[in-house]
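We call the chains A, B and C, going by the order they appear; numbering starts again at 1 in every chain.
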Amino acid sequence: MTRNKINISILIAIIFLGILLFIINLLVGSVAIPFTDLFDVLCGKKSNPTVATIVLDYRLPQAVTAIYAGAALSVAGLLMQTLFRNPLADPSMLGISSGAGLGVAIIILMTGVLGGSALSTMGIWSNLGVSLAAFAGATLVLMLILGFSSRVRNMTTLIIIGLMISYLAGSMTDIMKFFSMKEDIHAFVIWGMGSYSAVGTSKLMFFSTSITLGLFASLFMSKNLNILLLGDLYADNLGLNVKRNSIFIILISGYLTAIVTAYCGPIAFLGLAIPHMTRFIFKTSDHRILVPTVMLIGMIVSLLCNIIARMPGLEGNLPINAVTAFIGAPVVIWVILRKR
Amino acid sequence: MEVLKVKDLHIGYRDKAILPPINVSLNEGNLIALIGPNGAGKSTLFKTLTAYIKPVSGSIELMGKELSSYSAKEKAMLIGLVLTERPDDMFLKVYDVVSSGRCPYTNFFGKIEKDDENIIQESLEIVGINQLKDRYFNTLSDGEKQKVMIAKTLAQDTPIIFMDEPTAFIDYPSKIELFSLMKMLTKERNKTIIFSSHDLELLLRYTDDIWLISKGKQLISAKKDDLIGNDILKEYFNLKEDIKI
Amino acid sequence: MKKIILILFSAIYMMSSCDVVSKKSDISENTNDALNLVSYAENFEIYPLEIGYKLVIKYLSSQNEYYLLSDTVSIPNNLTDKTIIRTPVKSAVAFSSTQWSVFQKLGEIDKVKGILESNYTKNEDILELVARGKITDVGMSTNVNAEKLINLHPDLILYTPYSGVDFSHLGRLSGATMLSFPDYLESHPLGRAEWMKVVGLLCGKEEVTNKWFDDIVRRYESLSDKCSKIEDKPTVFSDLPFENQWYVPGGKSYIAKIFADAGGDYIWKDNESTGSLHIDAESVLLKAQQADFWRVINSYDTPFTYERLEKENELYPLFKAFEEKQLLVCDVRETGYFEKSQYEPDILLADFIYHFHPELLTNEWENYTPKYFKRLVK
């Protein structure tokens, strides 16, 4: 019972930390904005229009994107780890991120090669084009994985298949890059670094709604995820349709990853590290607690990464991918060592 | 009351039967041991009887109704299962494992109501692991883990329980404890328990009926007393030496 | 003739109205090709209007139109929904050095408030302006720092468009007009140089850039005319591998055109690409081993020597041009190659003629010493 009390105190502390990090996100950036100015902007008082633009049109959508992306990737990672009962499972491992990358490579590089219809000429469609291509690539890999999952009972085999699909998509991407003009690789480089600023106010509504749907769906999976912890045979005996359930979990997880990857690029390690961090913080395997807390911790770490990426001292923004890997990789190593 | 009635059952994988047709029936409150060498088809028989895999042919009647006509949830309320495989998760608590037995009865979010809580508590007490309930499952001994899995199955509140080699990997005192627990569950709680085991000496002491299974042979259901003092076991399993019971 | 009639007509009209400056009536547009003031560049067009210019920028299949109006005239009714750029531009952000270098050359660098990748330039005046905070570095083309850019309040952002990269949000956030500047797509050296006219227009100094450009064309064409009759053409190839990958200019590229115009025989001249080609080392060896000249760009801080290059890649000594010390090296740091050479195609051409056919540099080119590409002696 004391554990519950501890968890509630941790939860409250974490929520406060989250609010603090959100405010720091609005406060920190290349352009120094005093706290009083930020306060004025947030209260809707008359203020310097530049400050208002930077805070409301640039930093705010970026912070909100960070929150949604962090929650989505972390939950996707949790679902995969429970489904595969493998601490190293995450959606990128199943090749979903690589699939998205291949989609982007195809649309960017092919349109470049074909000329005539280059993406950036499509105005608003160009970013949407990249997102759609990433989503299509991710969905394609997802479908492949689902196809295999109905044939393959063994989860480890499925992970190996996922890894191989991942390599395949990666090598196809490299081949496409090889045959492209130097100038066309530009967009791919930008996409590959990952960024929370690409969503922007205009697409934020769609982005957040799609992710919210996926997050809701994952909340409904809590009970089934708990049963899955016992193993497939026990789960089946307890009345769970294991195969159908696996498909749902892969779908939700893949859907969340595909959306985030489409808009923000392949963001590594959040999906892998956050579920481990959450389990260690709350010392539980109960998904009724884990699913919402993983979302919360995911949001917070994502906000933290975004702050680090935009530290005023660092001229120009660091790619978000570098920061998430820097924070995520040691966490994963620590978890694996502690597990022994 | 007849709990289980198996008629002309062929078990196997992908339409390939591995044993001659099986015909057995069971009344409630019985403790049945399934014995036979590894690879004879014990696992396949268990998986078929618990509806994890489909029979090649034949019928399995459970509580007077064809097994395949039950929904997944109904089956979960009829058949409990204890396996040799154990959940492996760092932060899974004993209470979490036992309460998962309530899964077929709880709502969409798995909310534990007062009734569920009572049954979970009772199950923990029957098995005698109440003091372990806040421990992490992974930190328990094999014998304790086995008890937790049995408590989970009791919480599932099913008339029939299948146990796959429940006495494997545990020490002798624990084995005796386990056999008397199974005996008590069948006699006092009216459960029907079918378990597989290699502990011949002990199981002969506690069980009611024994099912003999061997590669390619007809499954035989025998009364314990019939086995004592004759050569049925020796003949069935093609043994060279006599078995002294 | 049409133009004169238009001017006459508008003059009459102006006389009849009381206030000349607040003239709000429609103006006529004529985008007849004959009126296009651009002769070599393929990706932009300039049309004179009664009260300014219409600038059309093409990038692959898209086309953007900008109306450049002096800030003293009011916007005519029929242009209110068009993209208007007020000239001379007061504050601009220039993504590419080929953009800000023209501002600099025109003495208008104070209009440039932000640039990208200042760490790549060796231009000391620019570096000093960056150090003094007169120019802000707003990041890299792959990672533009939107906050710094918004904070500069530019009127105009000159950007280099790339396939699949959308910069439009920067315009939305900063309120600046986005002007696409795909100068790198021009495959004719004079076409690339002609982009100076765009900056000239923006600065209200179109006469200056027109004059510069006409001089460049005259010099370039007189030089290339001389070379066109040459029979004996030395073979030439270009570029060092980058991380063991050989990227060489395509056969229809800007570099290939300069080689040809300088009376050189570019070994990949039959290739149809206007961009860069990715070629494996074996094919490079096969085709380029016996080439007479090797054009190389040195972007490093230290000068090249044959000894140093040999240490870098043991394939180099296999090339005839390397063994015979016929490397034509451009020191980027010393020459400002990337920002300046685009606007001096005549000089670039003369550089190669100096090496290929020195006897052809006569008259005004007597005693010419190469500016960008010098033969590496040791």
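Assume a residue touches a chain if its C-beta (ideal position, glycine included) is under 8 Å from a C-beta of that chain, and two chains touch if they have at least 3 such contacts.
All of these numbers come straight from a predicted model, not from anything done at the bench.
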Query - Centrality ranking, top chain (CA atoms only) - result: A
Report summary line: Contact-count maximum falls on chain pair A-C
**Report entry** Gap in Å, rounded to a whole number, between the CA centres of chain B and chain A
**Finding:** 43
Report summary line: The distance between the C-alpha centres of chain A and chain C, rounded to whole Å, is 40
Report summary line: chain B to chain C, mean C-alpha position gap in Å, rounds to 82
Query raised in the report: Inside the complex, what are the residues of chain B that reach chain A?
Result: 50, 52, 72-73, 75-77, 79-81, 83, 85-93, 96-97, 100-101, 103-104, 106, 108-110, 134, 152, 156
Query raised in the report: For the complex, which residues does chain C have touching chain A?
Result: 59-62, 137, 139-143, 145-148, 150-151, 153, 161-169, 172-175, 184, 247, 273, 275-276, 278
Report summary line: Contacts from chain A onto chain C in the complex sit at residues 29-31, 50, 53-54, 57-59, 104, 107-108, 111-112, 115-124, 126-127, 129-130, 178-179, 181-184, 186-191, 193, 195, 197, 200, 315-317, 319
Query raised in the report: Along chain A, where are the residues that touch chain B in the complex?
Result: 3, 85, 220, 222-223, 226-227, 229-231, 233-234, 236-241, 279, 283-286, 288, 339
